[in-house]
Amino acid sequence: MSDEQTLDLLETKIKELRELNKMDGIDLSSEIARLEAKLTALRKELYSNLSEWERVKLARHPARPYALDYIGMIFEDFYELHGDRLSGDDQAVVTGLARLDGTTVAVIGQQKGRSMEENKLRNFGMPRPQGYRKARRIMRLAERFSFPVITLIDTPGAYPGLAAEENNVGEAIAVNLETMARLRTPIISTVIGEGGSGGAIAIGLADRILMLENAIYSVISPEGAAAILWKDKERVREAAAALNLTAPRLYELKVIDEVVPEPLGGAHKDPPKTAAALKDALLRHLSELMELSPDELLKSRYDRYRGIGRYRTLTDK
Amino acid sequence: MAIFKDKNYFRVDLSKEPDESLWMRCKSCGELVFKRRIRENNNICPNCGAYFFLTAKERLESLIDEGSFVDISKPIMDDDPLEFTDTKPYPKRIEEAQEKTGLASAIILGSATVSEIPVVIGVMEFQFIGGSMGSVMGEQICHGMEEAIRRRVPFILVSSSGGARVQEGIFYLMQMAKVATVRTRLAEEGIPFISVMTYPTTGGVLASIASLGDVIIAEKGATIGFAGRRVIKDTIAEELPENFQTDAFALAHGAIDRVVPREDLKDELGKLLSLFVEVG
Amino acid sequence: MAIFKDKNYFRVDLSKEPDESLWMRCKSCGELVFKRRIRENNNICPNCGAYFFLTAKERLESLIDEGSFVDISKPIMDDDPLEFTDTKPYPKRIEEAQEKTGLASAIILGSATVSEIPVVIGVMEFQFIGGSMGSVMGEQICHGMEEAIRRRVPFILVSSSGGARVQEGIFYLMQMAKVATVRTRLAEEGIPFISVMTYPTTGGVLASIASLGDVIIAEKGATIGFAGRRVIKDTIAEELPENFQTDAFALAHGAIDRVVPREDLKDELGKLLSLFVEVG
Amino acid sequence: MSDEQTLDLLETKIKELRELNKMDGIDLSSEIARLEAKLTALRKELYSNLSEWERVKLARHPARPYALDYIGMIFEDFYELHGDRLSGDDQAVVTGLARLDGTTVAVIGQQKGRSMEENKLRNFGMPRPQGYRKARRIMRLAERFSFPVITLIDTPGAYPGLAAEENNVGEAIAVNLETMARLRTPIISTVIGEGGSGGAIAIGLADRILMLENAIYSVISPEGAAAILWKDKERVREAAAALNLTAPRLYELKVIDEVVPEPLGGAHKDPPKTAAALKDALLRHLSELMELSPDELLKSRYDRYRGIGRYRTLTDK
């Protein structure tokens, strides 16, 4: 049993005691209070020292809220829009218009499923070229009406397979990047779960990049890195650590703009609270970005990406 | 010994003749052939026509007018922002790649002429950590595009890359965004960008700069694809057709404009460039 | 007798109640139902839910706030530029269509409110020569878009058309170009355009204005396609799937944003429009 | 035997006589000269009174030059470009860059085949959505570099079929129209053979529309019109006449800007001469259009299409 499972079990026991407590003649209040204090302390200890690999597991936790969950909790009047107008409607990408505290925004989210059936529909959150092109269409729509664009990233990666290559997934991602680079409206991207490589950044070029505390953003999965770089599938913990994929670390590296806190134990422990924190962050960043003219916005976005990267300068000889 | 370790940056000089053994055996036809003859023949076997691998320097030589190359790269080399170590520390990999290739990074960048048309040209070196795109390659590509704008000449990028410089993690991913961002300036300035895809053009290089050419030319025999066969097999275990991710596959699916034999590549580039620039 | 023949142009007035027989038999469930009840129920059978055909006027009534409609169409009607006669002279067909529908042309154009949001709305009348697009429809659509720009309100177009007004030949084809051209002004002015596809949206209407909505909504049961089944059969004799050119087919292939049941269409439009206009 | 075939036979006989004439001791010069004069007179009579249906047959004549033939004769340095970047390369549409008297232009042509094999490749000149989207891509490329766009129309119509509908041929045509309406570079379209309805206008919204003398431009084929409108497949001649599909008639109707003359008997009787006439017309129109700034060009194109159509004005009552 993992540490987290032990704590979940303890939590269940406390709930059972609380039920008992309601019955006549039994007073367990002080015992319950002590157990709850203990649980919180244990949780804090566990989650304040989360290893990278533990965060990977939280980012992929099946109970973790997905894009549509956040959309439901953060926005009003979500109106879903479908289709790339070219050849398909990829349900691994959800797009639409909605209101964020009164402002109409375009929302683009990568959507995983929970049941087998849902996952079939959502393709396990792995977008096809049609999904990226649907996103591109919505970006252009947003630009036309000056709606800010909010993207929610949560994908193991772009769908790899014959049909994806036949539909030029490379182009789909590349042209999205080009499109986002010059889109004349604010873009805020948030990694809410897994930020899987090119499949993530294809909707992730933004004026502000946020990450939920336990989200990850990585060029390769720890499993993939272990297999390819360490030639040992078991060394996922080492790989996860080496990849620098956690939100706090990426904030230190100045690649992302904010880490949005999650409840102790992860977003799924209190989805509304997580959503509230994300909404607060989105509103803060959006109000700053909406102060800028489209030209200022584009210039600042351009400068951000023009300057990104780490290298050593040598003596020209 | 790492040749760029001492922070002295050697610019690429194509006039230096590498010393080498006289003969080699063609893996395709089995004949013993003069290395020099292969070299003079664009690394194509004079006996059977098989293509041998071209280093970035050889590729450059095969595409541009002789003696026209001037290295205009920035004097930079790979850093190790994540202090990355797998079976080997990343700096060690960089050193080894530098020693092996004689290059500071996985890309050569210069000004040159092609059929007497001035261009800025970047060529990726696959032997330098698989031609993978790290911060340096991203910066050199952007620098090249800016130089092309400043000089008002076309930009040519010859890709040969496995994609991700995994050792730079998020900084690699951000290079995809970076090169795509700067590429938009070429469009706004009306500067042509010819993307040349050679063996192999894959991953994040395909999914960013290489797919954004005004015209995209693939060398015959190029592998062109986003996800590698192995990733696809591991992820979805799908049966793949024989021509998967070949030049013909890319052409049939509209990803590229032309497939060109190596021996015609320079002439084709000249012909194409001449349509974009005022001639005479 | 052609009601518009005398060059007097009657504007559409939704308040006039058409007289009609009391009962009809539903073709779907076979029940006798009150016509009035069907009418009040958006022409949906109150017994089985089957959709009956809506005239353009009925469609308008089902989508807009009661009493909000004002005809803003141009006082024009179809001419006969090619002096076209097949089994019947074109002017005769126009007359018959006018008598049958009580409309001047195959489109109604007006201002109205939808969920209290002012819009300009055009609705095609399929019973008027198959809702085909001739010079008048093209002109009214353009006029509607210009009015939407002038009033700074969204433009809604409800399509129900077989496509070509063959009798106007080249002028029909040029209407495709015309409406697409004027549509670009809506985009430049930031005026939303909602395209509503109903049964049927085909041919040159699909291949021009109907496909150019910022948002495209299809009514449940709409047929959506470019080439008719018969043309396909005659030309290439291809086997077609059962769901060919259905609403579900269009949705699955990314042609439209949503499929909406008739009874929800007005509410959906209101919800969508409210996202495009400042509310409060 | 049709009148045209009779004349072709006479032409062959004259050629044979001319061979004989080269031999010693035979002088047929004066007979040949008289026969030639006769032939020319007969041709003139035949072709000056061409019925609409006869023009339809000429427009579809298998020996008639196709897009690539004209491209070879009119332009220099044609460099073909392939692919829509999305999912395919439709060979019923040929696109590329080329030089027209020194000016780089983008060329977009619909291409038929002659042999069965060629026709399989070219799909009988019926473009798929991929072909229209390839054309669109080349238009955008042309706009970026201010290359004028020359389109050559020759199609029975857009390919009707399952795959076309699956790839939203309606969108493909509609967005091409929208794109051409605002393309900031001159566009000249020429119908060189068949202008088949929506499949033709999808590359035919232009600043100048030219037609070769025996080309046709029609909303429906005479065969289709006969079957649908006359309910009688045999009445193609009547349908062809009613459809007003010939170049001279469309010029009278002020829909097209110029009728480019063909040699007596049709373009295939002297392809280089036809090409020369077309080149001359293209150069004339292009030089006029290149006098205009992009804004002037767009305004004049806008006004042209905004004003097109014929209707009666009624008294508002």
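All chains are identified by letter, namely A, B, C and D, in their written order; residue positions are counted from 1 within each chain.
Quick note on the criterion: contacts are C-beta pairs under 8 Å (C-beta built on N, C-alpha and C of every residue); 3 or more make two chains touch, one makes a residue touch a chain.
None of the values given here were measured: they were computed from a predicted structure.
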Those chains that touch chain D and also touch chain A are B, C
Comparing A-B with A-C, the busier interface by C-beta pairs is A-B
In whole angstrom, the CA-centroid distance of chain B from chain D equals 42
If you average the CA atoms of chain A and of chain B, how far apart do the two points sit, in angstrom? 33
Between chain B and chain C, tell me the centre distance in angstrom, where each centre is the average of that chain's C-alpha atoms. 54
In chain C, the residues touching two or more other chains are 211, 253-255
Mind pulling the residue numbers of chain D that touch at least two other chains? 85-87, 166-168, 171, 175
If we use the touch criterion from the header, which chain pairs count as touching? A-B, A-C, A-D, B-D, C-D
Complex contact set, residues of chain A against chain D: 85-87, 129, 133, 166-168, 171, 175
In the complex, chain A residues that touch chain C: 77, 79-89, 97-99, 104, 130, 134, 141, 144-146
Seen from chain A, its contact residues with chain B in the complex are 158-162, 164-171, 173-175, 177-178, 180-182, 197-198, 200-202, 204-205, 217-220, 224-225, 228-231, 239, 242-245, 250, 253, 255, 301-302, 305-306, 308-317
For a test of understanding, state which residues of chain C touch chain A in their complex under the given definition. 187, 190, 192, 211, 214-215, 251-258, 271-272, 274-276
Counting only contacts in the complex, chain B reaches chain A at residues 4, 7-11, 75-79, 81-82, 84-87, 104, 134-136, 138-139, 142, 164, 166, 168-178, 180-184, 203-204, 206-212, 224-227, 231-232, 234-236, 238, 240-241, 244-245, 249, 253-255
